[in-house]
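The same subunit A turns up in both complexes below, where it pairs with subunit B and then with subunit C.
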Partner chain A sequence: MNGEVLVFLILASLAVIGGLLMLNLKKVVHMLLSLVLTFLSIAGLFIMLSAEFVAVVQVLIYSGAVTIMMIFGIMLTRHQDEQRVQKNRVRTWVVLIGILVFFYTMYEAITRFVSVEQASELHIENTKQIGMALYAKYVIPFELTSVLLLVALIGAIVLAKREEEEEVKQE
Partner chain B sequence: MDFFVYQNSYVFVAAFLLLGLLLPITALTVGRWLRPHHPDPLKSTTYESGIEPFHDARVQFNVRYYMFALLFVIFDVETVFLYPWAVAYDELGLFALVEMLIFVVMLLIGLIYAWKKKVLTWT
Partner chain C sequence: MTSVPLNAYLMLALILFCIGLFGALTKRNTVIVLISIELMLNAVNINLVAFSKLGMHPSITGQVFTLFTITVAAAEAAVALAILMALFRNRSTVQIDEMDGMKH
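After this line comes the complex of A and B, so read on.
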């Protein structure tokens, strides 16, 4: 086993552990921190794939900004509600079958995957390569991103404003 | 740059990451060994500048915090898009400038909308 496989195994298991902790922990802040662990290990995986820029974006946007937004979202809700555990046997089985089918599909897809060409030059001026591709070749998706961000912003403002008005009425 | 060099330069990053993780862990563990441990109910109350604590600290947040966080995320994403644009600008020329102007103006519309809707003011 060489070093690359070892690092991959460590990062991948950290990502999975973060996800499992996020589902099983009781306090929301602990959940959020385990989610950050998952995000950071995924950033590590991106670095292993020589996608440095994507890794930095992963750290900056996901473990920074998105986490902040999530914690504010959680603080907005009534987070002291008791969790009511409903054990449903049929649901458990359906979920189990879903997991198995998903695992089988992914396993087949990965084993049958044939890599067409090895992108071996990705680590050379990674950010510049992304810039060249994004602003020369994929112009329309890039401009659509701005529309998507605008829609997200305006939609959130409309929703939050309505909520605020209701609060004022209640007072 | 060789791929081997690229990979090996991240060994330093890993070393610093390990050091950064170990520093608080050792500091807190050694602190636990050294300090005396005599808890009593008065000591473990919340410290509120000498005022007797009342009510619960975990109140529901104002929706405005969320709006500021959302604005932050949106413009954070914008900044991320500006980085590869700035790096590749020399080879892209005027077309890229127009593209980025459209992008920025789109988000500026969002900012003006937020401003007009009084999201930015705190009353």
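After this line comes the complex of A and C, so read on.
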């Protein structure tokens, strides 16, 4: 077992442990923090796959922005901190069986999948390569993404804004 | 050349996807359902990056596509949280099974 396999095993088990903790912890904030562990180990896996830029973006957006935003969401909605005990046992089991069937199907597909590894040059100036591809080949999707972000920004503001009558009522 | 095979990455992504799917379908707090969906999207990102490096034709496209996925996921999370805020103001609940106003 060489170093790379060892690093992969550590990162993979950290990611899975984070996910399992998310399913089992009681408090909502703890669930979110355990998912930060998962997101960070996925960033480590991206570095192993010579995607340094994507790894940095992962740390910034997922473990930074999205998680903090979700924590804001929890703090602003005054909730019962503890997740109440699952009432619907039957549904949990049905979901579990369905997911196990899905897992088994995909597992069979993955074990039969053979790929021949080719030499890649992704690790040489990774960010430069991404920039070249983004601004030369994918410039229209890139601009469309900016429109999407603008729409999401405006939509989020409009949805989260208090309505006028409501404000008057509260004053 | 790497010594970790592509199938190992695909398996990890599959496990994370299943965890996310289970969380999204069984948890009752809406914030947790949202973050479970983020976990599923992240598992897909692992697949994309793994194929871009270890697939038949290694190319940067997988990583570029991952960046687009991350952007769209962040936008989705923001809008979903805004909807959650508006819903909480009207219904005073974040439990997902109490949000059945459009069912009847």
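Everything that follows uses one rule, which is that the second predicted complex is superposed on the first by the 143 of 171 C-alpha atoms of A that agree within 3 Å, B and C clash if a C-alpha of one lies under 4 Å from a C-alpha of the other, contacts with A are read in each partner's own complex, and residues count from 1 in each chain.
Everything below uses one rule, namely that contacts are C-beta pairs under 8 Å (C-beta built on N, C-alpha and C of every residue); 3 or more make two chains touch, one makes a residue touch a chain.
Predicted model only: the values in this text are computed from it and were never measured.
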Clash-or-fit label for the pair subunit B, subunit C on subunit A: fit
Superposed model, subunit A: greater residue contact from subunit B or subunit C: C
Which of subunit B and subunit C A:A15 touches, first, second, both or neither: second
Partner chain in contact with A:L76 - subunit B first, subunit C second, else both or neither: both
First (subunit B), second (subunit C), both or neither touched by A:I68: first
First (subunit B), second (subunit C), both or neither touched by A:V139: first
First, second, both or neither for A:L149, with subunit B first and subunit C second: both
Which of subunit B and subunit C A:V57 touches, first, second, both or neither: both
Partner chain(s) touched by A:H30 [first = subunit B, second = subunit C, both, neither]: neither
Per-pair minimum CA distance [subunit C against subunit B, superposed on A] in Å: 6
Set of subunit A residues, in rising order, touched by both subunit B and subunit C: 4, 50, 53, 57, 61, 65-66, 69, 72-73, 76-77, 79, 120, 130, 134, 145, 149, 152-153, 156-157, 160
In the complex, subunit B residues that touch subunit A: 1, 3, 6-7, 10, 13-14, 58, 60-61, 63, 65-67, 69-74, 76-78, 80-81, 83-89, 91-92, 95-96, 99-100, 102-103, 106-107, 109-110, 113-114, 117, 119
Complex interface listing, subunit A residues touching subunit C: 2, 4-5, 8, 12, 15-16, 19-20, 22-23, 28, 31-32, 35, 38-39, 42, 45-46, 48-51, 53-54, 57-58, 61-62, 65-67, 69-70, 72-74, 76-77, 79, 83-84, 86, 91-92, 95-96, 99, 102-103, 106-107, 110-111, 113, 115-122, 126, 129-130, 133-134, 138, 141, 145, 148-149, 152-153, 155-157, 159-160, 162, 166
Partner subunit B, residues of subunit A touching it in the complex: 4, 7, 47, 50, 53, 57, 60-61, 64-66, 68-69, 72-73, 75-80, 120, 123-125, 127-128, 130-132, 134-136, 139, 142-143, 145-147, 149-150, 152-154, 156-157, 160-161, 163-164, 167
Residues of subunit C defined as touching subunit A within the complex: 1-4, 6-12, 14-16, 18-23, 25-29, 31-32, 34-36, 38-39, 42, 45-46, 49-50, 52-58, 60-61, 63-64, 66-68, 70-79, 81-86, 88-89, 94-95
